[in-house]
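Note that chain A is present in both complexes that follow, paired respectively with chain B and with chain C.
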Partner chain A sequence: MSNLAFSREYLDRRSFIELDARQRAKSLLDAGTGRELAGPFDRIESPWLAIQGVTPQADDGCIVIRGTIDSRQTVVIAFNGAFQGGGIGEVSGAKLTAALDLACRDNENGKPTSAVLLLETGGVRLQEANLGLAAVSEIISSIIALRRYAPVISVIAGPVGCFGGMSLAAGVSSYIVMTPEGRLGLNGPEVIEEESGVEEFDASDRSLIWSIFGGQQRHDQGLADVLVDDDADQIATTIRDLIVKGVPAIHRSEQVDLYRSRIAALDTSTQWDPSLVHSLASSHLVRHNFSEGGGAAEADDK
Partner chain B sequence: MSKFTGIRGRVWFKALTRQETPMPGDPPSVLVADALIGDDNARFLCVVPDPDSRFPCARHGEVGLEQAYTLAARIREVMKADNEKPAEKSKKRPIIAIVDVKSQAYGRREEIAGIHLAAAAAADAYATARFAGHPVITLIVGQAISGGFLTHGYQANRLLAFSDSGVLIHAMHKEPAARITRRTVAQLESLAKTVTPLSYDVRDYAKLGLLYKLLHVSNPEAPSTEEISLVRNAVIEAIADARKGPTDLRGRYESEDAQTARKASRLIRARLEEQWNQ
Partner chain C sequence: MEQFEFSYPARRKIQKPAHVGVVGSGDLEVLLEPIESTTALVRVRTSVDGFKNTWKTVLDRFFSQYDGLVHIEINDAGATPGAVSLRLQQAVEASEA
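And then the complex of A and B:
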């Protein structure tokens, strides 16, 4: 993968990141099977933006497409990072929740249906504040309901990444797929700098940002399941393989004791240089005098 | 920021459980206790400030890594215990989140260590408990902000909140929200008068249809015995109501207030349902 940048495959590949949300969703589905639901011609817009002088969009930046992957029923929900930073508003949030709930109902009725979330989002859309936050809580709940029956796969390709409340949605997913251009975290760099100061986080330091939030780092840490190139065919193959694999025996966000013991083992006495954090479990950040739970901290979740 | 942040959580945890020490092995910032409420032995959970926390960005009542994983572990402990009970005693115990959280922790260490997963693990535990039939009740006594609230409390099937100006339920504190949306605080406040979801007033929040009940307590930092029993009774009622209803969150958009406040949510849900099998 590291040689890709200089190879012929790089020149021949079809970029996923360069596709818009609708094209991204369709690129994952079996050819000709994609059917968009509650699309732009239904014109269900956010009722809160125009009154604030913000132009709404006919699909509210969230695209829902049903189809098949490897002939299996799948719903793909894609966020458009170019509209309000992919922020979750009342409509886009309810759209995602409703799609997950309908997939869940199909599973309960014996019709297996998986979900793929293409996340390009900074989290809650601040113009819809409390309804956005409520929507995120409902999204999290509906992912947890659905993943009992079928995998819910989150893809974070970039360039926006996945931040804010939606990082919890990624966190409760069955699988997370990232490209090196994708970023995942609860608080973005600007928010941390704003809230805790530039000494805590210099939001202009790009290498700091990528060494913490980037797909490569998240994968090395075991916080993302698959690292893929920015290649639509490779991403489609990866998603298909994960759907075939099915629901994992245990979800990452259920492994409380493992991750709690890792946190307990960390040395927080000084600020962390991210170059030390290649893998949290074996990093220099583990307390030297730490014994209790230390064994668990060495364990790998995979 | 409210001067009450972190005081109210402890006051109400103590008022409802008569306890205020963390469980063995837990950080001082997470209070967990089992206490009788009505006929139930419920598990109460609360995040409080710890000025000596070893995570510097989680000292003032923020929900950080340790807090989130402790909540998750203590919720899963109850689920496991109830699961192992014989079927005839299978009435699931209530889980009560007392919420007074300033926000999530905004720190470099937190992001490196994957605070999004910690937050997800806590939300997962609350939601999984709810789906398993535990009544999950949230009592908002102070602040309930952003990722802090998503982590601790927002997965409940019944939300209760105090109705005074010390209560703040929001996606972001006023000042940063104004800066990020390129407005002054005055402009934001004026917009919030007509745009209900922007409002910082809990009485406006109540109009969104998300709350089960608003509770009036005249002095939430030093409640009277009568006020404590009023709140206790409201929680008991919420537990009974949760046991009668569905285990998902549909009550939030099917409520009477949601019929008007969340018209667009309801419309998009209806449209997707119509088109799902076409």
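And then the complex of A and C:
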């Protein structure tokens, strides 16, 4: 029976979302190769939270692990969405930037090194707002410097998703991998409701949220390159394939004219709903990176 | 946020540090490390004020059954006493695995 087969498959698979940030990072690396940099016992924690009455975390919610994927040098940077919503502070931002810059230097010294960002983040951490904003600009610069040499792959698995300034960081990465549970957006649902009213966006409507921000919609719009189930093995395979594929011929964020024309064509005189977003996005869809060759994303498109 | 320190008699050397948990709502992070001393030390930082006696009771009970010479740091975001005890046991298991 197909139902039985389905449930067997469902029960046997190893959820990626249920892993914590450190386990997620390790699940992608070749067994035994992971070495954590600036880990919890180094106690590089936020100096700003305690003075505002917020308990800090020893790794500031950012986990950096160097290792290999398919024997290729890779650094995996994972955000812990359970701590301050994965918010970027001075320390967590500096850890991410430094990890990317080290990878960039390795590439310049003839040692190819890719980066994988596991993004569970609401964006800038409000308790460190200015420093967090500065960190996001540094992160974006570092991604753009590194992506010339080696792919920078952003994974948005969920359940927090990727919002605010870090959605811009995801946007400049070489590839975006999402699960249907992942969400990607600049302003999150609560922010839109707060700013524009519940008529514009009802942040309590979960099906609305996922039909706008969710991985399926973002993939159908061409804003995410690969949609993959919440399966640690499938996600690891997807990332390995993208690292093997290497730097894309042209990055999504270099396609300024394409995206400008898509924005110009939008009719904002009527209220949009998810099906309208979907139909328009699909009709405009240009999947530039994957027009040739048998990459992971193309296989996933079927 | 409040911070407390406690110490307990201990004598057994432990081999490995352990790190478990997360400073997320209703949860806590435990860092457990070997210490060169004659007493075990615990530092607690908690986002919920006014529960020092409860922390002391939970830690008294934990150290009535554990004699590792350790320095424990707890970063707490409002975990219940049950959750604190489970995380402490998890840290011990991880350090002795």
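Simple rule for what comes next: the second predicted complex is superposed on the first by the 272 of 302 C-alpha atoms of A that agree within 3 Å, B and C clash if a C-alpha of one lies under 4 Å from a C-alpha of the other, contacts with A are read in each partner's own complex, and residues count from 1 in each chain.
Here is the rule we use: a residue touches a chain if its C-beta (ideal position, glycine included) is under 8 Å from a C-beta of that chain, and two chains touch if they have at least 3 such contacts.
None of these values were measured; they are calculated from a predicted model.
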Chain C versus chain B on the shared chain A, clash or fit after superposition: fit
Which of chain B and chain C A:Phe41 touches, first, second, both or neither: second
Partner chain(s) touched by A:Ser15 [first = chain B, second = chain C, both, neither]: neither
First (chain B), second (chain C), both or neither touched by A:Thr68: neither
First, second, both or neither for A:Asn80, with chain B first and chain C second: second
Contacts of A:Gly165 with chain B and chain C, given as first, second, both or neither: first
Partner chain(s) touched by A:Thr33 [first = chain B, second = chain C, both, neither]: neither
Between chain B and chain C, more extensive residue contact with chain A: B
Shortest CA-CA distance between chain B and chain C [superposed frame, angstrom]: 14
Set intersection of chain A contacts, chain C complex versus chain B complex: none
Interface residues, chain B side, partner chain A - complex: 54-57, 65-66, 69-70, 72-73, 76, 103-104, 106-121, 123-125, 127-128, 130-131, 146-147, 149-151, 154-155, 169-172, 176-177, 179-181, 191, 194-199, 205, 208, 210, 248-249, 252-253, 262-269, 271-273, 275-276, 278
Chain C partner contacts - residues on chain A that touch it in the complex: 20, 39-41, 50, 53-58, 61, 80, 82-84
Chain A-touching residues of chain C, taken from the complex the two chains share: 1, 17, 19, 22-25, 27, 29, 31, 33, 45-47, 73, 75-77
Residues of chain A that touch chain B when the two form their complex: 35, 37-38, 42, 44-48, 51-52, 64, 66, 90-91, 93-95, 97-99, 101-102, 124, 126-138, 140-142, 144-145, 164-165, 167-172, 184-187, 191-192, 194-196, 200-201, 212-213, 218, 221, 223, 251-257, 259-260, 262-264, 266, 268-269, 271-272, 274, 277, 280
